[in-house]
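Shared chain: chain A. Partners: chain B in the first complex, chain C in the second.
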Partner chain A sequence: MFNNVTSKQWMGLAAFLFAIFVAVPMFIAATGRTDFYFTLTMVALLSIASGGVWLTFYIGRINIGQGAFALAGAYASAVMITKFSFSFWLALPLAGVFSALVAVLIGLPILRLRGVYFAMITLVLTEVVKLTSLALDITNGARGITNIPRPDGLSVFGLTIIPDFGAMENPKLGFYYLACVLMVLAFATLYRIVNSRLGHLCRSMQQNEELASSIGVNISHIRLIVFAISSFFGGIGGAMVASLTQSVYPNTFQVKDSVDFMLNVFLGGLGYVFGPMLGTLVIYFGWDLLFVAKEFQLLIYSTILIILMLILPNGILSLRLKKPGSDVAKAADASGLELKEGK
Partner chain B sequence: MTPLLQVKNVTKKFGGLTANNDVTFDVAEGEILSVIGPNGAGKSTLFKMISSFMPTTSGEVIYKGEKISNNKPHIIAQKGVVRTFQETTIFKSMTVRESVVLAQHLRATATLPGYFFGTKAAHHDEEAFGRSADELLEFLGMSAIKNEQASNLPQGNLRALGIAIGLATDPKVLLLDEPFAGMNHDETTKMVELVRSVRDEKGVTVMLVEHDMPAVMSISDRIVVLNFGEKIAEGTPIEIQNNERVIEAYLGSADDEIGM
Partner chain C sequence: MDQIPQILANGVYLGAQYAMIALGLTLIFALMNVLNFAHGQMYVIGGFVTYTIYGAWGIPFVIALAMSCITLAILGALIEKFLFAPVIKKSARDESTMLLAAAIAFLLDAVILLVFGEKQRGVPKLVDGTTILGDYTLVIANDRILICLLAIASIVGFISFMQFSKTGRALRALAQDRVAAQLMGVNVDRYSMIGFALGAMLAGLVGGLLVTITGINLGMGGPTSIKAFMMVMIGGAGVISGAIAGGIILGFLEAAGLALLASYGDITYLLIFVSLMIFLAIRPQGLMGKPWG
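Take a look at the complex of A and B:
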């Protein structure tokens, strides 16, 4: 299933896996900066949600509502674990499925909108989920859900696959590994989607919806599938953040977070499957590093972002030498076009 | 024998404006039928209604005895009635071959998850699509440009690409939207030959909407003429050329000329 991956790409993947699973923990152990675990775990989790946003860009839709689905997933898992004593390992995928179902319900009416109209509606979604969580009893209103137990152990046929996080000596490391594994799975899935038939159909829709439907592509169906997958990623990311912080509040994910998810994607590069990962890393770390600038933090941060988008409209990854005929590089040009023409 | 495609009393109103009024005609299997008419005669509207890109106000379009109007474009395409567009409607950042491979997706035997996991059926599909894309491009004389990106192609090739994409879906009826618009004499001659070979060798029934009179006269088996949204004539090219009402519609009546 990955037989179109070149040996050079396999090497890159091996280097990447080595870096996140071996080199980073070694570096942190050597420097004693254990606070990096939390930051990097957050980067990994937020990049999963950003990966979802990237996929909606792939069908030519600007999604500024991923915070809504992350929040829905966070609440879904928190409620399942605290109120119905579900195992974390069951609640996590179910939270993703819950977000995907919400996305299908919301997507049915709004996915026919294009460009800025779709973006405007998605911008409202985060607030809607926040207000819903404030109003409902099961989500504890403004008090939120706290003291969510850490992930329990997972064993199959008496064989322990994952130890109980509560009993771990260093749960931070456990979360870091878990987040990285999920991130790798999420992006492998994205990569595979983009390079299989679904991705090709998405590309045809991104480039011309009328022509796509004229050759028999059921565009509303594909849009819904893609939006559901995108929100599944959001739900997984959100559920993991809730588990990491052991709490979820109505403002755990705000409109600003939704905008950040979109910025991560823009910054990394719309044309590159792995763009959201890099974008999230740069934005999350960049913001933290600028903390020294105190009251000028936001000013400097936003100025840098504006400059980056002006000089690198196709994202940071476009700095890489474009391989001739590479799918993603071409998709980058096309999606740039679509955004400008978006009606 | 019942005709392959029937346009029955099709009417389209936009508010107070009637774009098409009670248009009725048949398309027989294996023929090339052209719909012509002056600007604003309602050709494009009719075209969109036949391909279900636009609903009818009243009347219906019937294909093989089944109503296909007021449906969704992709369902009509799945049934075998496929339209093409004018040149700007292409998959800009795909190559010619990629576009044609993609357009065969209706024949996929593997499911979307099947493709995701790379099952045997999916590999089989991919190989088959690649082979038939090469064959089709060879047939259309486009092998030399198959690895060109669509956005880099000149206008004449774009039109051919549009037809290639339409043909790749394996249609029974191909609807061509102004295939000769903006072409010079040589390009038009080539395109006429191409459309004819599509009918002769692929057995595809062709219906086209067109302005270019000489091209229409040379290519069509039959012609339907629209004026102000109504059908004013139907017949062979010779009949149409000698039809009083058609001449009047195109050149204005003798009275008008005196009035000027």
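Take a look at the complex of A and C:
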């Protein structure tokens, strides 16, 4: 399944898993900064949603509407848990599926749009979902849904797999592990998609949709699938954020969040599967650390972003020396050149 | 049905304002393929400059308005020269400019917060009184009529500038085909900068005009950008006539929705969004846009 992964990359993966599952909790226990748990959990959850945005970019579409699907997922899980008393573990995947269904419904018309038109309509989507949640009764209007219970325990045949979060001594740690597991799963899925037949088809579409279509790629089918997967990630991320904060409001995900998801992806670098993770870490953590600057927070933050763009317009990961065998990086470079020459 | 004259009057008034915002955005897009996220923030800065000079210092409105335009034109030129131009040259993908535009929007928000504060600001009315026509079927404040006429005059001025001046011809050539324009001897770098400055100036002009009616505050930037995007989508990106059409259509829809749907709660924009999506499914390039921009 992952037979094209080199031993060096396995080592890197092992180091990464060790870092997030062992080193970070140890570091936090040693320094006593337990507030980092919340920040890092948010980073993990938002990077799942950003991973979805990255995937839509992979078929050449700029998606600034992930906030819409995250909000839809957050509301779906909150309604299922509070109104219909579903178990969290059932509501979480169903929230993702709900977002994916919404994406299919909306995607049928809007995926015909390209370039800047698609970007603009997705930007409007966040506002649509927000207004819908304000207008509907089941979402409780502007008051939102609060007091969402923590995830309950999960047991199969009497064997407890996951303990009840409400009874946990440290639910923050539980959420952190859960978010990290989901993030690892999400990015493993992304990696698998990119290195599969679907990934090759996506790259062909990123470069030239007409050409891809002419050699028999069913482009409308693929872009719908990719958009649905992307929104599934958004829905999962949103549902988890709702569960973490135990509440969801129409303002939980705003247009700014949608723009942030896009920024995460761009900053990490569009040609790299793990770009969204790094971008989210830098942006969210950077924003959090700048809290000490008080009223200058936004000024410093945006100045750093602009400077980063001026120095590294192709994303942070473009710093990495390109390995000759990395076809993902090569494809990204090729398509980049294509865009430049096509002007 | 007695609401119709009032709705039409409000539609014309809103449409003229919106068309000017959309014009600046579409000009920048047509010239440089940049989706200017910071457009709403530029509008807010224009409003605050007019507020400071006319409202706080008591200098005549015309000078304040001119200062708004000049400030934004200089700001736009600087942003193009030192931020967009280098990034466009260096980046492998056109889309990288989106990140830059979003970062600039944040930066301008921060600057507005530090320089002008977060309070809602208003200025004294330009003219007092209201015009009442036909037995109270049509009530319009006089200052709204004045602002509306000024906006229409500015739009006519902008179009004739684009149509008849040498700079306007160069900008249109640039929008049509960058390489061909360069081959014909158009200084591409210089006119990109002028075009961006002009687009920013339009945003500042609307800000300066509207501060006299709605006032101005920090939070108006983002929503203004979104409205501008919608107008550009309705009319078609990068087309001047499309921006005007989009602005007027959105103005009328908003005026009609606020009057007729008031009893159903705040659903005007929801309906506008949904109909926009259906419209774009039928005509993806907007009313007058070129297919696939």
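Just so we're on the same page, the second predicted complex is superposed on the first by the 331 of 343 C-alpha atoms of A that agree within 3 Å, B and C clash if a C-alpha of one lies under 4 Å from a C-alpha of the other, contacts with A are read in each partner's own complex, and residues count from 1 in each chain.
Everything that follows uses one rule, which is that a contact is a pair of C-beta atoms (placed from the backbone, for glycine too) under 8 Å apart; a residue touches a chain by one contact, two chains touch by 3 or more.
The model shown is predicted, which means the values in this text are computed figures rather than measured ones.
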Item to check | Partner chain in contact with A:R112 - chain B first, chain C second, else both or neither | outcome: second
Next on the checklist: A:V259 in the overlay: touching chain B, chain C, both, or neither? Say first, second, both or neither.
Outcome noted: second
Checklist entry - Of the two partner chains, chain B (first) and chain C (second), which one does A:L310 touch, if any: first, second, both, or neither? => result second
Next on the checklist: So in the superposed three-chain picture, is A:A135 touching just chain B, just chain C, both, or none of them (first/second/both/neither)?
Outcome noted: second
Checklist entry - Looking at chain A, which partner touches more of its residues: chain C or chain B? => result C
Next on the checklist: Which partner chains sit in contact with A:M120 here, chain B, chain C, both or neither? Use first/second/both/neither.
Outcome noted: second
Checklist entry - After lining up the shared chain so the two structures overlap, which partner does A:V104 touch, if you call chain B first and chain C second: first, second, both or neither? => result neither
Next on the checklist: Going by the contact rule set out at the top, does A:L267 touch chain B (first), chain C (second), both, or neither?
Outcome noted: second
Checklist entry - Shared contact residues on chain A for chain B and chain C? => result 333, 337
Checklist outcome for this item: Note: in the complex, chain C contacts chain A through residues 29, 33, 35, 37, 83, 86-87, 90-96, 98-100, 102-104, 106-107, 109-111, 113-114, 178-179, 222, 226, 229-230, 232-233, 237, 265-267, 269-270, 273-274, 276-278, 280-281, 284-286, 289, 292-293
Checklist entry - Given the complex with chain A, which residues does chain B contribute to the contact? => result 51, 53, 72-74, 77-78, 82-85, 89-95, 102-103, 105-106, 108, 110, 112, 115-118, 122, 147, 149, 165-166, 168-169
Checklist outcome for this item: Note: in the complex, chain A contacts chain C through residues 57, 62, 106, 108-110, 112-117, 119-121, 123-124, 127-128, 131-132, 134-135, 255-256, 259, 262-263, 266-267, 270, 295-296, 298-299, 301-303, 305-306, 309-310, 313-314, 332-333, 335-337, 339-340, 343
Next on the checklist: Please output the residues of chain A touching chain B within their complex, sorted ascending.
Outcome noted: 1-3, 192-193, 196-198, 200-201, 203-204, 207-208, 210-211, 213-219, 225, 325, 330-331, 333-334, 337
